[in-house]
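Notes follow the structure.
Letters are used for the chains, namely A, B and C, taken in the order the chains are written, and counting of residues starts over at 1 for each.
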């Protein structure tokens, strides 16, 4: 009845100034609530893909031998120290004493062997192949584990900082989907599906005790609802703002601090390199010239991202500025399309139905229309349908998705990966980079980045910004998102 | 007291004007819009109302007026197909239920009740899961969910007509049921069906908006009022205009079809004047 | 009377059975092997086969159906392929949230509709009555999610009086629970109230025209008094019917409001499960929603008979 009156009144109220007192701050100073957009399907990252599970659990509940610090450096965690043999195939890890799992079991070298071996036998997610390079694990002593690789690998130790390297106890893997057991500073307490996960400080933690003893990880499927939760004092931190146009609201409000940095998330317009018409390099290059990436970033990320030009974020050692390779040049795009005989192109752009992807798709479609390429946008339910139809069945011409994993440029060495890019030169460069010295690695990786960009293997639209907004009282958040974890261990309080 | 109701129907006029407005805007959009409604231009994003952009632009730099105009097309398109599906399936079913043997009529109406248990939103989400969400799945789902209302109206209307003297006479003269249905029943219940169409249209417009809001409706970049609302949500505090304009458009269309339905009901059946 | 009751119960049971078959078959035609989907792309064929056997999706459809429906009858909806959780307790939990929301919205709708609708009917030829009818027409035209978005913006974001979303269970903190329920219930209830107002008005108008009310008025009662003393019971019949139909719409209509306010109800569970292609869960949710709708219709039928003695005879 009063629906209309209500709407009018509300509109009037909205134009009025935003006075009012704040209420409902969680009374417990030792508790903190952090808002996220993607909720874990379950808590088992050994069998379920998706970034949300390690985001919540890695470094917080599960720990590995090593971790990635805020600057992207590999630092010790459960391993006190480690040595690498002359031939760079044998790693000797000395473990911390007095480490126990959440279920009370002590952590020893036997658990290292169990965890690494288990990746090969029981894990099913695509990342498990990163452990293939391990030949065997020896238990030298209770606090001394030795890992022998089949060949030298620069990537392996880095991968050990990801979920692949998480340490499990044989007594704690019975029900990983609902009861994770790790050595971390926090233990899983409860979860309310569709709402939150609660972590509590692990009283017997071996390292520095965390500041906040209770952490609420709150999940808001809708990014606007997440923003509103912080604005209305419902939570303390937004882990990552995914609607960049709304960041201004937090910057102008004295209650909040806003941190902005980079991520590993390349917003990628992927091409199906293995299927006509995008198996033709000229067509792919034409698309590259047709797209104005500055306009894409301005529209989708309110100009807050970083233009990259290849699949390397500026935080990686082999970063090189390749953004000048394909300037916005519609005339050249049309010429290339004419040369390839593909003037009346119709392409299916099948994207994840996530805000940034659907927005980017509309900008890309409009720009491609300017050079005579018609695009049909199909948003697919993410993750299930996108993973099935695009990622697994390769049923697409173009797609848009954030590739969030660190150093995922190596996927261009796998011709079976969904973008179907098959270049022997890149494959051998990647292999050389993995086995070579660190200097050789940098040179080879730089070459890979340039080659795939010149081949127009994909269009890296921009690097998504990492924007964290938090109440002023919260300290210890980092600008850059370099690992797959939302690391709670450094958080403090003013 | 019952006879005192005025035959002039301001409701009908108001409804017709509003619906006419929406239809007119949609028709004009085929020939002319101020700007290309899907063309993205980062240089003019989030502009306030100006001479060039009467309601301003959205975060893609697209003209709001042009989007509303083409969005009217989407709205009408969904409404026409949904109501069409519902009327074409529901009406024959209802007539059949009224004219056939009692057990068959009863059976049809029980199945009808069963369909009633699957609301439009639920059906559309299920269809979206199987076929991939699109304008089509939304329209068909809304249409199927609306079948029962048409079947019910058609059945009760037919039952009344069947008991009239001229139908009894026609039956006595040995006219076949099909002929009776076509010559006598359909013309007499047409008014009821038109009223129902108008009311169902309003419901379809609301359902399409909700589905587009949830991501189960019209695909981008085709302009849709529901999706305009969804895309503007993050900017509500900064640029409320982006949500208000499509919100008003939806309200105008729904109000128009509801008023039109009410007005027609009053006009066609004065005994019911003042109802609903 | 008893015969009619038995007949209606029979129809209800048959309808539920038919609905369960429809829902099951609908899910069965969905593309994709649940075991493959659950395990991702790197699973070995042996593991997929093992999981398929574990899920029981390697058996004939009929066996699967009877196994599923047999479980459902004892409250066991199976274990989700994606979350590996038992679905039954989840469903109960989520349904609880949605029922609170829908219940509160219904109360709000009735509190608005009954007084205003009756008032508009009694004064239907006066300006105040016309204004109420007009405003209710406008209210019907506002989508619930728009009302929700605006409510959040004003009461949560600008004035910070109420939470912008989220759910506190009533047994955990009742005050917080109520505060969290207000805005979503208003978003859903105001629009429903507008719809209902129109029905109440027309039902009351019809009743006012009945002979016995005219008699009552001839005895000197004012229209309002006559209505309250004699008419409300009769006006209730069509209103209850509409209320029943609305309850069905509200149960699923809540999905939009649950999304805006991030409530862990049945609607958001449905959307999440669809997005994750968690089919067994979707199947369970749809069945619950459909049974709820059928049950409401059944109860309305019964109530109808109880309220209106004339209907008992027919």
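Convention: a contact is a pair of C-beta atoms (placed from the backbone, for glycine too) under 8 Å apart; a residue touches a chain by one contact, two chains touch by 3 or more.
Because the structure is predicted, anything quoted here is derived from the model rather than measured.
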What chain is the most remote from chain A, judged by the mean position of CA atoms in each chain? B
Write out the two chains that share the greatest number of C-beta pairs in contact. A-C
Approximately how many whole Å separate the CA-defined centres of chain B and chain C? 22
When the centre of a chain is set as the mean of its C-alpha atoms, what distance in Å lies between chain A and chain B? 43
In whole angstrom, how far does the Cα centroid of chain A sit from the Cα centroid of chain C? 38
Touching two or more other chains in chain B are residues 129, 233, 236-237, 240, 247, 251
Shared interface positions of chain C, touching two or more other chains: 138, 140-142, 146, 153, 157-158, 259, 271, 274, 277
Residues of chain A that touch two or more other chains sit at 4, 7, 11, 14, 222, 231, 381, 385
Listed in rising order, the residues of chain C that touch chain A in the complex are 32, 37-43, 47, 82-85, 90, 93-94, 112-113, 116, 132, 135-136, 138-142, 146-147, 150-154, 156-167, 176, 179, 190-191, 193-194, 197, 259-262, 264-265, 268-269, 271-272, 274-278
Note which residues of chain B are touching chain A in the complex, please. 38-42, 45-46, 59-61, 129, 132-133, 215, 219-221, 231, 233-238, 240, 244, 247, 251
Chain C-facing residues of chain B, complex: 1-2, 4, 110, 113-114, 116-119, 121-122, 125-126, 128-130, 202, 206, 209-210, 213-214, 226, 229, 233, 236-237, 240, 243, 247, 250-255, 258-259, 274-276
Report the residues of chain A in contact with chain C in the complex, numbered from low to high. 1-7, 10-11, 13-14, 16, 18-24, 39, 41-42, 44, 47-49, 124-126, 128-129, 177-178, 192-195, 218-222, 225, 228-229, 231-234, 381-385, 387-388, 391-392
Per the touch rule above, chain A residues touching chain B in the complex are 4, 7, 11, 14-15, 222-224, 227, 231, 243, 245-246, 248-249, 292, 294-295, 298-299, 353, 355, 358-359, 361-363, 365-367, 369, 377-381, 385
